[in-house]
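Naming follows writing order (A, B, C and D), and every chain is counted from residue 1.
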Amino acid sequence: MKDKNLVALTPPMGFNTWDCYGAGVNEEQLLGNAEYMRDNLKQYGWEYVVCDIEWFEPTADSSSYHYFADLCMDGYSRLIPAENRFPSAKGGKGFKPIADKIHAMGLKFGIHILRGVPRQAVHRNTPTVTPGVTARMIAQGYSICPWNPDMYGVDYRVKGAQEYYDSLFELYASWGVDFVKVDDIANTEFLPNNPYSAEKEIEMIRRAIDACKRDMVLSLSPGPAPIEKAFHLSQNANMWRMSGDFWDRSEALDSMFSLCEKWYTHVAPGCWPDCDMLPLGVLQLNEKDPVYRARRSRFTPNEQKTLMNLWCIFRSPLMFGGEMRLNDEFTLSLITNRELIEINQFSCANRPIVSNAEKAIWTCVDNDGNAVYAVFNLKHENQTVSFTPDEDGVFSIYDLWTKKETPVTGRELSFELEPRESRIFRILHK
Amino acid sequence: MKDKNLVALTPPMGFNTWDCYGAGVNEEQLLGNAEYMRDNLKQYGWEYVVCDIEWFEPTADSSSYHYFADLCMDGYSRLIPAENRFPSAKGGKGFKPIADKIHAMGLKFGIHILRGVPRQAVHRNTPTVTPGVTARMIAQGYSICPWNPDMYGVDYRVKGAQEYYDSLFELYASWGVDFVKVDDIANTEFLPNNPYSAEKEIEMIRRAIDACKRDMVLSLSPGPAPIEKAFHLSQNANMWRMSGDFWDRSEALDSMFSLCEKWYTHVAPGCWPDCDMLPLGVLQLNEKDPVYRARRSRFTPNEQKTLMNLWCIFRSPLMFGGEMRLNDEFTLSLITNRELIEINQFSCANRPIVSNAEKAIWTCVDNDGNAVYAVFNLKHENQTVSFTPDEDGVFSIYDLWTKKETPVTGRELSFELEPRESRIFRILHK
Amino acid sequence: MKDKNLVALTPPMGFNTWDCYGAGVNEEQLLGNAEYMRDNLKQYGWEYVVCDIEWFEPTADSSSYHYFADLCMDGYSRLIPAENRFPSAKGGKGFKPIADKIHAMGLKFGIHILRGVPRQAVHRNTPTVTPGVTARMIAQGYSICPWNPDMYGVDYRVKGAQEYYDSLFELYASWGVDFVKVDDIANTEFLPNNPYSAEKEIEMIRRAIDACKRDMVLSLSPGPAPIEKAFHLSQNANMWRMSGDFWDRSEALDSMFSLCEKWYTHVAPGCWPDCDMLPLGVLQLNEKDPVYRARRSRFTPNEQKTLMNLWCIFRSPLMFGGEMRLNDEFTLSLITNRELIEINQFSCANRPIVSNAEKAIWTCVDNDGNAVYAVFNLKHENQTVSFTPDEDGVFSIYDLWTKKETPVTGRELSFELEPRESRIFRILHK
Amino acid sequence: MKDKNLVALTPPMGFNTWDCYGAGVNEEQLLGNAEYMRDNLKQYGWEYVVCDIEWFEPTADSSSYHYFADLCMDGYSRLIPAENRFPSAKGGKGFKPIADKIHAMGLKFGIHILRGVPRQAVHRNTPTVTPGVTARMIAQGYSICPWNPDMYGVDYRVKGAQEYYDSLFELYASWGVDFVKVDDIANTEFLPNNPYSAEKEIEMIRRAIDACKRDMVLSLSPGPAPIEKAFHLSQNANMWRMSGDFWDRSEALDSMFSLCEKWYTHVAPGCWPDCDMLPLGVLQLNEKDPVYRARRSRFTPNEQKTLMNLWCIFRSPLMFGGEMRLNDEFTLSLITNRELIEINQFSCANRPIVSNAEKAIWTCVDNDGNAVYAVFNLKHENQTVSFTPDEDGVFSIYDLWTKKETPVTGRELSFELEPRESRIFRILHK
């Protein structure tokens, strides 16, 4: 069995449909963004195209769920794509045609699932792949998601439970899925006072992926995943959410600094604590409220760079959330800074050296052995941030955004930063 | 509209099938106990015969639930009796034939329900009584019972919700139901950190009973009902559980003393904090584990009298739990002490004067204006309990169990009590 | 031993120095308010004049405490009045001269104390009344007040502990104290997760009062006292706080309605759940911040009447908090409505019939057997509040503020109320 | 300023008086153990001799504290050694004579302190080193230790606070102190719901050590230190407790495995999560209860080796707790296994690969680049533990206790382990 860490040796980079299309994405939108990635981003390392939640729900059309809608399902109680939204799935082909097209672009394909077995399968008492075992027999009636009505959790103790998960991932493997984002699993509290209630289902899914003979990145949502379970997460998943859904709000960005401070020691090849998607560019095209619908990210330009700097020096997975075909030049520039992406993909010893409510300083060592520093002004006013890097001799600093090299006099560095501004730079020794 | 308190001016007294038959009672057992009540207990005030949980589930046979079993349901998504268990229900007659027979005995008939709409109705998308409104439209997908898989809670904000509850109680009224024990409602926490999450469903049920034009006692389970909600409970229900399920364990009896101490100020006509069933006589005939199956109550004789004394001087509802046809003489004697039952039904000013881990002393005023005292040894060893009642003049004490009158010398009373023994007596002045 | 309930058969009425003078009141101010009470309020039933916290601290001058200030103390580790603030205490006379003067006015005298033994006595290791027992020996080092530095709690298990409390109340009895407000006792959490940690000290104080042979009202602070301990409170104290400090803020008034709903069943002669002081008139004369210093109560006139109506129909103790000598006519009128005060002092069966976030309706029976109702608009906008009182026959309503009688046509009553307005009225039958 | 990590590049090793002498150690015992260390342990790397709590309390004689005892203090409100217990301290020499002797043995000297300023200084209002600032002025009256009565916390916001801590460490530096264990600081909850309430005092102490111009290891107690504060701990301290006091109980050993699993990513040079003392050999010579007094460690021999294996492969500080002069041969052998100590001091990449309630497997890389594994049977019965190390080619295993090399056939390793037994071994490639 292959080590699960080998399928994600560097932080996964890609696109996910949630921030732009909610539960209502369709085939054209998915493939259109894949083509955009192929043409504009692939050269920088972006590769995953991930279809988020409710692809099995014919009437899904926004970020709200239609409670108890009829879901598309095969004869073994497995959800399959809604053909009205994904026409190529017709004839039982599932996501294979889409995956094939994305693979042909030189990219990889991912899907979102919710842990468990469909409630409709349970109440219809439909078969599973295991002879004599129906969906009803493997479901736990009290194990539900607090925010989505589709599934019951699977009881790991009963016959047919592991086989059901195995059958899911066998199906996904046959489609050509490379990435699975499993939801309602890293923080769900159906057992009292235990936000990690789904621990055994994480293990079943790990085994099912190992058994399916196809490399798949395993991503766990939602957050906050409990830090007490970091070892279990590292043993079973490739990435997991540190927070609840991250949107374009200043306070959410602030708390991501605290979360990165808590989790950075757990960052390792194949094990990526996840800052969540990049809510950049044009968001929520399906949103009903016109105040939010089709908005540009509410982050200021400084905050957008700060976001990229933190996600990269922390080594978070990078999953772009906006409708990429509507990217403006600035947005595109944020995700095509090759030197910054290299920090995300190839640096080591990433860690904070200062971390408080007013400022943060992070450092790492890049692929060439140079020290890299990122300096963040977390205040909503100007601030001078100074510090003395642990460097000997004469050196200059090379800014990863301006691409300018500046000689340094003395040992202390000092930056006059605008509100929410940050800098990331490499130390160059003479 | 009639005041809801008028239907239960004194604590309801009756029999409930849970302690003896779990979820699996049948028509013969129900009516057999009704006949026993008519012949042996009715003259003492016992009147309700209550069929507990899962009467709509054809395969129910013990105190364990069959998760996701197919339930018997009418065309409006209302559960109806399983005909294999209740043959008289055939032909759509529901519980009416049984209720008629019980009424003919001069007794009253009660049923247990779980709040909400059947999950199977939701997933089958069956109609409700409201044209155009299906079960699916009124259900809340995250509002479930943590221990039973039958129902979803009803969303009080949507069209058809109140009408659904109205249709339930209209049906029950047509059957002739006099008492409804609603479960998963007085303590259920589908809203985070709110054990009274079902507050709005309590109000819907109150309105439905008021609208159905039949007197029905409303009993709420399970406990512990939150004491912060005592006013709401008093406004809407006739009785509500102070504790989780009460069984024949010494510790459970101990904690009932604490609960009575907390709740006694809320005891009032039509508003009865409920100590739960009397687990006396022969219990759990359907239990799978032979250690527990068909056992005699594990309470000692002293504890059984202590139980009766507390339930009566507190004025709890009295619901006998054992299979009454197997009562021995001692058990029957416990529930046919007319003078004690009169304390339960007609006393006032009931209150503790001492209440701690070692002993309790309660008092009240009986229907003739005499002071009554109950003295409890809560220790598992002998104890002398002394106190000075607030009585002037010369008096004697009349023991409600021995029926003996004893003159008192001096002001202080002193009782040498065996382990877990108690005394209840009336003060008689010369 | 006299029943403790007999010393407070009706809710205590009086004046307390905290709201106007904080910790810094002096003899002139105390006696000046006593004279005001004698001249203006005594005829309406007001009688207690209570000197609040820190009378033993020479430098106290505001509502902030001087941490670790040197306290005035006698030879038995008992705190005594600071002579610079209370000159009549000179020569070891304590509060006796002041009490004598107040008694001579036909009024009663009260003091505030903090549970425990002075920390300075503990660290100086001074004697207590018990030979061989020093303050150090009876103190519990971890039992402290979270907001005041004066005392350590007393360990009820050690020799000399009860004697120390006895010696305190013997001293207070010798001074002529009629009312003791004990602080840091009804809600203090020095034992983890137990807000009623001082339970044993409450019992020691009860015994000390019973032993001192002088009637004293026992008032416990701060709140919220835990409702689970209502029986213990009723057994030991005469009044206890339901809330934290109550000040002139709308939100605080709102939550008092919820608290009254929770506690009303515990109101009884000698047992008074306490809504806290009336922050009316001119407040906080010693406050340092000029925004707050010497302000008129921020409650609107409607809110001030609403406050009086609730305190009275709930039967809370009434303790006026403002500097009474600065009362304007309106303020004086609030506390000299004889008919309203009679509701507070002599009504029974006081209870809510409606209680929610938008409105409340309370009722009681007055001393003549008439039904009384109070109707409250809790919204900050106009609201019509209607209800049908449980009255037969033809009746009129008599408003306790306007003193006008209005005939009623039909059964329903309807009131158009201004923001935060309320009405209280008596039902008069023909 | 020197990097604080440089003073503890490897896990500190030493002896601490708490487990054997509680609060009552004296000079002879301290120096006697130092001599034992010099003669028997120094050659293996053991170097710190630490005098634990209450050295300033003349009457301390067991592990119970004498509440409010008079403490020895200098003119600046700083605690100094009790001369009756440490005679060489006479003449104001403090711990300097003892430190000198220990230094002369080639060892290092440590002391225990409690955060804060002595309560007796506060109540006596004695001076601090800052002119015009008394102890009273810098104390926080509500900031106390829940289990020891000596101190008040220092308020970091007031003048003289930092100077007070600076004066403490200046004194300790003048004595020659090399190691300071600060107690009541890594887990203390004087701010509600904040077990890290003393965060600012940790920072004051850090600054004071940096200012004192002497290398001192900073050790923080008690545990559990909150893992959310791992970054702050790493920035300020050299070692910190992961647990409450660790004694010779099986359950405590079990939970240390969970704690090590949680904390291992934070182990780094200068930053040592601390498994607490080694309760081995002869313990609690001063204990009053004869059941516990002068007992041999209750751990089985297997558990004692398991303890050493875990502490070493995790890289915990090693602080021996028993009276070393009473060590038997087995006990001495546990702490003189040079190869095991080298794992503790010089290995890297230390981490669990299996961690559950039944077994644990840890691994690291030793100073020569060899893989090391430790295999633990956590059950109280025999268990075979098997696993396949991530090693290529032909290899043998070298047991660090038996010193035997065993060739391995195949890839899987399998160990038949007795109850609570463990193995630690090096992989040797051909």
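Here are a few things to note about the model shown:
Here is the rule we use: a residue touches a chain if its C-beta (ideal position, glycine included) is under 8 Å from a C-beta of that chain, and two chains touch if they have at least 3 such contacts.
What you are looking at is a predicted structure, and each value in this text was computed from that prediction instead of being measured.
The chains in contact with subunit A as well as with subunit B do not exist; no chain meets both. For subunit C, the chain whose average C-alpha position is most distant is A. Annotation: 41 Å between the Cα-based centres of subunit B and subunit C.
The centroid of the Cα atoms in subunit A and the matching centroid in subunit C are 58 Å apart. Subunit D has its Cα centroid 52 Å from the Cα centroid of subunit C.
Chain contacts: subunit C has no residue touching two or more partner chains.
The touch graph of the protein chains shown is a ring with every node of degree two. By the touch criterion given at the top, residues 227-228, 230-231, 261-262, 265-266, 352, 355 of subunit D touch subunit A in their complex. Partner subunit C is touched in their complex by these residues of subunit D: 67-68, 70, 119-120, 122-125, 136, 139-142, 144-149.
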